[in-house]
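Input: structures, listed below.
One chain, subunit A, links the two complexes that follow: it is found with subunit B in the first and with subunit C in the second.
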Partner chain A sequence: MRPGSTSSACAALLHRDLLLAWRRRGDIAMPVLYALIVGTLFPFAIGPDPALLARIASGVVFVTVLLSILLSLDGLFRGDIEDGSMEQLMLAPQPLALLVGMKILAHWITAALPLIVVAPMLASMLRFPASAMPVLVLALLLSTPLLSLLGAVLVALAGGARRSGMLLALMLLPLCVPVVIFAAGAVSAAQQGLPWAAPMAWLGAGLAMAVVLGPLACAAALRIAMDT
Partner chain B sequence: MTVADTPLLEARALGFLRQEEPVFGPIDFELRAGEIALVEGNNGSGKTTLMRVLTGMLRASEGELRIGGGAGSLVFLGHHLGLKTDLSARENLDLAVALYGRRDDVTLMSVLAEVGLAGYEDEPVRRLSAGQKKRAALARLLMLPATVWLLDEPYANLDREGIALVNRLLALHAARGGAALVTSHGAVTFAGDTLRRIRLHA
Partner chain C sequence: MANWVPLWLHRLSSPQTFYRFAGAVRPWALGLALVLGAVALYGGLFLAPADYQQGDAYRIIFIHVPSAWMSLFIYGVMTVSAFIGLVWRIKLAETVAMESAPIGAAFTLITLVTGSLWGKPMWGTWWTWDARLTSELVLLFIYLGVIGLYHAFEDRRQGARTASFLALIGAVNVPIVHFSVNWWNTLHQGATIRLLGPSHMDSSMIWPLLLMMVATKCYYVASLFARVRADLIAAESGKAWVRDLALGTQERA
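After this line comes the complex of A and B, so read on.
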């Protein structure tokens, strides 16, 4: 007998999750639409003052993107737990943490990447200065995977609960706060022409830690969730 | 004792408690190469719980459990078939093969023909009937090199031919040195009476 190699198993799982997302592409569009609607409504709600809009633009973009990711995070493992696929993954010879990491990566690609693509458009609708746009995109590239990883751990912990959406939002809030502070801090520093490397480095450090520990915590939490 | 005699699966005084109430056991059994055992018990007698303990999904409350092969030597087929309904049988099997590996003597087409799904390999599993879904899940068993099959109610949803198919697959698996543990609530009579029976009492 020869079990599949770890790398090909990871590639196959990533491929399957992306394929599943593609078969349900309406679900991918939903968070993007949500973000666009929220972004569009802001200038109507607070008035079209360019200076004010430019000041709040980065904050609005971050909060909108964060909430949009939260929308899709809820179902990250539910499908697999309900149809028995999770048991297949757990019994597989590959380490569960790696497989779960692939699922989180697939989720980030399908849920966060489209948001990062529309974020510059959203920001320019809010009169965000084009000069600081690369910093905004970089901050999003670092903070969204961090949110996906933190969220995945909590989704896994709540995996046993039926309606975990509310619980998830409550648990994720304190973890989101530092991410938003550093990401928005870097962007507003760039907007004012100040050095923005330090908050960005903090985001990077957080992401590096989450990439290593997140999948491990997720795997452990899923084993607990299945143990019922 | 030679290597061939080593049990593939061995349970000693295995039991499981839920809130201090025993769900099953303690039970003793061992499964060697070429053996097929039927776990019998009424509804609620703990058959599925036993299966979940054997797969390691649940931790046994008492006794010990030894699994002969390494990781990936067990394959489990439960009430939830572990098929993605948006994907075709072929795509579902591709992932299983990437995870567990593939037997050298089978191909995807031969396996699907064996379970009677030839011609349905690219159909989304969602469009298959309940019995055909079960057959697609059985195809996974044939495809993977696992030595121990844990089948929880494999006869559910199957027609007479499907039941014969499960029995044929089990006989084939036993003939090539595998072992299987099958649960049933007793509605189906299993072919052959040399079969090992493990009783669970409710």
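After this line comes the complex of A and C, so read on.
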């Protein structure tokens, strides 16, 4: 039997993952609700002073988004590893890196995109100025795929481990520091009316590198983790 | 022809040979570390003159700076052996990488604590979000992540291989720590000791520092070899040479 083309395999996998996510729509809403609830805790914890809230809004949004992505990442490969479809993907004639890249893309669409949609609302609840909102959305658009790719590599590593939830946080959060620095840096520069192109360019450069290396590293990590 | 070097290295990578070799080297390395460390401490704490600005408080550098070097050096060793272990599947390289991680984490912690103790009188704060401090803290977290991932697996070798991969990913942080004082102009001072060109330090202060550096390297070797020996015994517990060792039929190395 001739194997199907790589692009049709990728499209099929993407379709399958999106369909699976759609059948469990409740799971998609969870990270969003989590982000909204964590975001609303801040005004209670530090007081409803608008100036203070506006100053920390971008940081709160980024950290909250990061934590919700972390929560949703945990199950990225678990279902596939448990029901054996991961082995099928690894045995497939198509390159594993591309297939895994499709899974990461599907994860980004289902987990990160809803977060980006609600982020402006969350930010304006924290008195974030509307003038800087496009920069916030742009920074999120660049940084969330970066977090998804980085996280996917680590999830792949932790895939075979017991109690992987906390472990994932311990591994992922230190590596996310540069992403948070540049993303929050760009937004706070825009908030103060300063040029924000430089940190944004750094984010874009990081994303370009991660798009190339992330799926390859993720495939290598999966091969190590599944190798028993 | 000098092909005994690769032959010897090849033989050394067998757990049994390495176990004996490490057992022979360890006491010497430990003794050297203690003697050199004592001399360096005496030189640093008593012989070296007080700093004209910082007084005696600067003397913490004789602990702080060698530990900081070691925190990066051990990460380097861990990365290289993790790479070797992943590519050529050498069991010993995996063990060396995994047993390096706790030692490196300890040196990183010492660096952070001594730096913090020094920072209180000098900078007026225990901690500041300076580039070097932050990247060193991230280094500690990466070490802890590697250790945590290694222990999260039932199968030791799978854990070692997985954590080795994490160590390779985390290696991007090492140049950031090293160059952070050049890239960002924050509070932590730049490099004082240079391999190339003159150092910004008097020779009366430099020799204890360099001696301490050698002492910490020796300590690392001693500590690593002890840990690797214990790990090899545990991993190879079913093998004949370990049984011989346990029964005392073989001469103790």
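Worth pointing out:
Just so it is clear, the second predicted complex is superposed on the first by the 227 of 228 C-alpha atoms of A that agree within 3 Å, B and C clash if a C-alpha of one lies under 4 Å from a C-alpha of the other, contacts with A are read in each partner's own complex, and residues count from 1 in each chain.
Assume a contact is a pair of C-beta atoms (placed from the backbone, for glycine too) under 8 Å apart; a residue touches a chain by one contact, two chains touch by 3 or more.
Remember, it's a predicted structure, so these values are computed and weren't measured experimentally.
Because the two structures share subunit A, they can be overlaid on it, and in that overlay subunit B and subunit C fit beside each other without clashing. Of the two partner chains placed by superposition, subunit B and subunit C are both touched by A:D227.
In the overlay built on the shared chain, the residue A:L113 is in contact with neither subunit B nor subunit C. In the superposed model, A:V153 makes contact with subunit C only, not with subunit B.
Once the two structures are overlaid on chain A, subunit A sits at the apex of an angle of 90° toward subunit B and subunit C, using CA centres and rounding to a multiple of 10.
Once the two complexes are laid over each other on the shared chain, residue contacts for A:E82 go to subunit B alone; subunit C is not touched.
When the shared chain is aligned, subunit C comes close enough to touch A:A217, but subunit B does not. By the document's definition of touching, of the two partners only subunit B reaches A:L19; subunit C does not.
By the touch criterion defined above, A:V177 reaches subunit C but does not reach subunit B.
After superposition on the shared chain, subunit A has more residues touched by B, the comparison being subunit B against subunit C. After overlaying the two complexes on the shared chain, residue contacts for A:A54 are found with neither subunit B nor subunit C. Here subunit B and subunit C sit at a least CA-CA distance of 8 Å once the structures share a frame through chain A. Counting contacts as defined above, subunit A residues 227 meet subunit B in one complex and subunit C in the other. On subunit A, the positions that touch subunit B within their shared complex are 1-4, 8-9, 11-13, 16, 19-20, 23-24, 79, 82-85, 87-94, 99, 226-227. In the complex of the two chains, the subunit A residues touching subunit C come out as 153-154, 157-158, 160-164, 167, 170-171, 173-175, 177, 217, 220-221, 224-225, 227-228.
Remark: subunit C residues 86, 134, 138, 141-142, 144-145, 148-149, 152-155, 158-159, 161-162, 165-166, 169-170, 173 touch subunit A in the complex. Subunit B meets subunit A in the complex at residues 55-59, 70-76, 78-87, 91, 94-103, 145-147.
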